[in-house]
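Across the two complexes that follow, subunit A remains constant while its partner is subunit B and subsequently subunit C.
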Partner chain A sequence: MYKLVKNEFYKMVGKKRLYITLTVLFVMIAAFAYGQYDSLNRTKAQLAQRLGVTVITDWKSVVGQQILDNKARVDSPYQDEDRRVQARVRMEQSQFNLDNNINTVDLTAANFTTKIISQSMSLFLPLLMILLAADLVSGEMGGGTIKFLLVQGIPRWKILLSKYIALLGLEAVVLFFAFVFSILISGLLFGYGGWWEPVATGFKIVGGKLDTSNVAFVAQWEYILMAFGLAYYVSVVVGTISLMISVLVRSSIASLGIILSLLVGGSQLTSYMVSWNLPRYLFTCNLNLMSYISGSLQSIPGMDMAFSVAVLAVWTIAAIIVSFVYFNKQDILV
Partner chain B sequence: MYKQKLWYISIGITIISLVVIMVGFVKAMNFAPVPATGTANSTPQNASTVANEPASSNHNMVHVLLMGDSIAKGTGDEKGKGIGGYLVDLLKSQTPKDIKVDNVGVDGYKIDDLDALLKSGKQDSMISSADFLIIAIGSSDLQEIQSLKDQEQTFQTKQDTHIMELKEIVNKIRTLNKKTQIVVIGSYNPLSLATTSDNITYLDTWNYNSQLVLANDDKATFIPTYDMFKNNLNRFISSDKLNPNSTGYQTIAYLISTAVENTLDKP
Partner chain C sequence: MDSPVLELKNISKRLKGKDILKNVNLSVSPSEIFGFLGPNGAGKTTTIRIIAGLIKPTTGSVTICGHSLEREFSNALSKVGCIIEGPDLYKYFTGMENLEQFAAMKNVDKKRIYEVLEMVGLQHRANDKVGTYSLGMRQRMGIAQALLSKPKLLILDEPTNGLDPAGIADFRQLVRKLAYEEGMSVFVSSHILAEIQMMCDTVSIVKQGEVIRTVKVEEILSDNVIEWQFADVGKATELLKSKWGFQVNQTKKNTIRASIGKITIEEINHMFMNEGLIISYCTAIGSSLEDLFLDLTEGDKIV
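What follows is the complex of A and B.
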């Protein structure tokens, strides 16, 4: 088994797939870091111009202005009710952060990492994992190499299991690099600190108002730890489903296409979840686990961490069962 | 050899990452927000107070506060600066001090709303620290009259409340801040067509009576705008046909800065 996993690992590394994934990751993180850096500077410059001072040094004045802007939105009679609620919640959240001396304006390596990992959790990270997993089996079918594997007399389930284990390992490696890249790049721009700063979590919205009674403070490093824990869970789910599709479909291109369109199309269903119950049972609508920790601004009744984790777990287990059963029974004619 | 090394490094990274990730995942699963017990180093304040520090004690700062409707807010300015933005530019050449602008203008505000806002006391700290208080209000109230049939009667009642509430507002400001320069921006007629002599009379009467409210206050100024806008509508009005555009705001700001110039400390 050990040898099989090792062999699968070499195959995945040898295909350069891993390096492509890591390069994409690096480029995206660099671009995101620069974007954040640029927009922060721009916000500050604009505010400085509006207030008539040369430079903004104090993050509190930025938050103060954000509060005033949102307050104007809340008071405006031309806003529709949804926007007004959003603005009010944002205003209350900024006010809360301000009152509790939590700096959400200035960036550090630590809070940048949290930001990028929680924002990429529902789409970008799954895409990377698909890149790794989508042609794991279908690639061998298409290339005809599957017969060399099968003629060795090893049980089929062992072959698939070794692929699966190698995949899970590489997903962890990718996340490791996501962390390293993010820290290295953002540290250059924002400095390497911020690990002990508090993060306010657990915001809730009750009847269009922000409920801060459950808010807890977590240190940034703990928050990052949780983010990566959830990110890996999401990666495993997406990886497993990709593996299943790659078992079911013989062409690599087709399996990549199917899983991509499932992910992208499915995530667009998220917007219907408030009124329609079905999409919440799709895996794509449950990937944004981090929002349960940070306190999601548009919470949907009946959806919480336990629900989403359970839905994802059901999908994963089902995908594993389907993959192994189908792979065992499949006729392989190459 | 190289392959072997890569394999061991990868296994190492994987195992370390997995352990860390597991810890994180378990933490996330067990994460139940506990009510905050002052973990962060600060004392929560009343959530409704707005964040800005009063600047009254700061003698190196000119604090400008804009209140009222969309004209105070700067709606319609394609450059997004509004009266406040242009005023900063103009005042900069007149004083060495820093200039700080706060804008609490709200689109569609009526004088009732402004009166209620002042009575609520939410803006007290800002008002008491303001060196200039620029008020633009009443245009929405005046606008309403146009579409009514019984104009005469409604105008009278509306004007009476307007004057009464404007007095209340000025009095309230004066109880909070005796030194501030109050600037009230007059109403103009944004419509080029609906200019029957009746309507113009209403506008003029309205402006005149508003001006009278400030007559006895030597630190209050009324800035008329109808005269500037009368023949310049296509230059000064934004695409919403109601609010000034960038040039319009610039003109109003210029009028204000000229009017208050002597009350500033010269460089």
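What follows is the complex of A and C.
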């Protein structure tokens, strides 16, 4: 089994798939880091202009201004109710952070890393994992190499399992590099600190109001660990489903197309979830697990961390079963 | 007789409502080169896929070296090396890396990789990407892959596709050596008659999913067919029929053919001369495998 998994690793490296994935990752992180850096500077410059000072050094004044901005939105008669709730929750959250001396304005390598992993969890990260997984089996079908692979006297389930294990390993490798790239790049711009800064988690929104009764404070590094744990879970889910599609479809282009459209199309259904129940059982609408922890606005009643994790688990297990059953009894006609 | 290396019993395969194979029975002895001959679409590759475990037969059983393919998959296939319909190797790997992949799966060491590379004459190109290989070279690499684990049974599906004449001759020699010196059984499918005739001990002819005849190639070859040209073919035909009872075919205006069995050509020609017939031309037609094949598969349509 170890040798089989090693073979699969070699293939992934030989196909240059891993390099491509990592290159995409590097470029995106660099772009995101610069974007954050630039927008923070602009915000500060604008605020400085408004306050009539030359430089903003105190993050508290930035938060103070954000609170004022949100308050203006809440009070504005032209806002619809949804937006008003959103603005009020943000305002309360900012106030809470201000009261508890939690700096969410200034960027560090540590909080940038959490930020990027949270924001990429529902689309960018799954896309990377699809890049790795989508042609695992269909690629061998299309190239005809599956014949050689399956006539070596090794049971088919072992072949598929070795591919799956290699995939799970590579997803971890990609996440590890996401971490390394993020730290290295953002550290250049924001400094390498921030690991012990506190982060507030466990916000709840009850009846359009921020409920802070369950808020717990964790150190940034613990928060990063949590974020990467969830990111890995999401990666495994997406990877497994991609593997299933790649078993079911013979051409790698078709399998890549199918899984991409599922992901992108499915995530667009998210916007209907308030009134329509079905999308919440799709895996694509449950990928944004970080939003439950960071306490950004969740407007869908009945959906929480446990629900999403369970939905994803069901999808994953079903995909594993379908993949192995189908792969085991399929006639290879290529 | 030794117990067979490969045995197919009552193999049938139905695919999408079509009978691809109907009740195929085959048996390959140790160190035998077994040819599997049939027109395109006769079911050769399907049979080979079934033997290699890529397709499950609808009915029937495959036994390799006494191991049932169905119940002892790994044991059965561990004795087999094969190429199936085209040497589709990993193009992004070098020849060496490809072999290393399969070597890892079959627990074969590095030394054996060099051995098989030398056997197929690719030791100098082993470190180039397979993507840069010609079809013939990939074919050789495919054979190298099949030989890695020193199999008891070598299955080759149209193995000389893409090989140049020198390559085909080398390949024939290699197959003979493997069979007669190393005791490997070889199962070769082909639609090229000459190839099967020159290489194989036994040949099965398939047509529309059925094995219609299995014969020893030796027997067909001893089936001595002679061709004569006469000015007066009528009289010659009469004589051949009346004296020896041969079946005579007139193939061209002045040409007749007959299968003369054990009687020598000298004896017959002597008789013609005694009868005052002038032989314009006389030659031994090497084999009648082609005749047999065309006879048996006549009117065959690819289904």
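The working rule: the second predicted complex is superposed on the first by the 332 of 334 C-alpha atoms of A that agree within 3 Å, B and C clash if a C-alpha of one lies under 4 Å from a C-alpha of the other, contacts with A are read in each partner's own complex, and residues count from 1 in each chain.
By our rule, a contact is a pair of C-beta atoms (placed from the backbone, for glycine too) under 8 Å apart; a residue touches a chain by one contact, two chains touch by 3 or more.
Computed from a predicted model, the values in this text were never measured in an experiment.
> Name the contact category of A:G257: first (subunit B only), second (subunit C only), both, or neither.
In the superposition, A:G257 touches no partner, neither subunit B nor subunit C.
> Pick one for A:Q49: touches subunit B only (first), subunit C only (second), both, or neither.
first
> In the superposed model, which partner reaches more residues of subunit A, subunit B or subunit C?
Of subunit B and subunit C, more residues of subunit A lie in contact with B.
> Going by the contact rule set out at the top, does A:G266 touch subunit B (first), subunit C (second), both, or neither?
Neither: A:G266 stays clear of subunit B and subunit C.
> Looking at A:K11, would you say it contacts subunit B, subunit C, both, or neither? Reply first, second, both or neither.
After superposition on chain A, A:K11 lies in contact with subunit C alone.
> Once the structures are superposed on A, label A:F176 by its partner contacts, choosing first (subunit B), second (subunit C), both or neither.
Touch partner of A:F176: subunit B, not subunit C.
> Share the list of subunit A residues that count as touching for subunit B in one structure and for subunit C in the other.
6, 10.
> In the complex, go through subunit A and note every residue touching subunit C.
Residues 3-4, 6-7, 10-11, 14-16, 143-145, 147-148, 150-155, 329, 331-333.
> In their complex, what parts of subunit B are in touch with subunit A?
Residues in contact with subunit A: 3, 6-7, 10-11, 13-14, 16-18, 20-29, 31, 33-36, 39-42, 44-45, 47, 50-52, 73, 81, 84-85, 88, 91-92, 98-109, 113.
> Inside the complex, what are the residues of subunit A that reach subunit B?
Going through subunit A, the ones touching subunit B are 6, 9-10, 13, 49-53, 60-61, 63-64, 67-68, 71-72, 75-78, 92, 95-96, 98-102, 169-170, 172-173, 175-176, 198, 200-202, 212-217, 222, 224-230, 232-233, 289, 293, 295, 305, 309.
> Would you mind writing out the residues of subunit C in touch with subunit A in their complex?
15, 49, 52-56, 73-78, 80, 82, 84-86, 88-93, 97, 101-102, 104-106, 145
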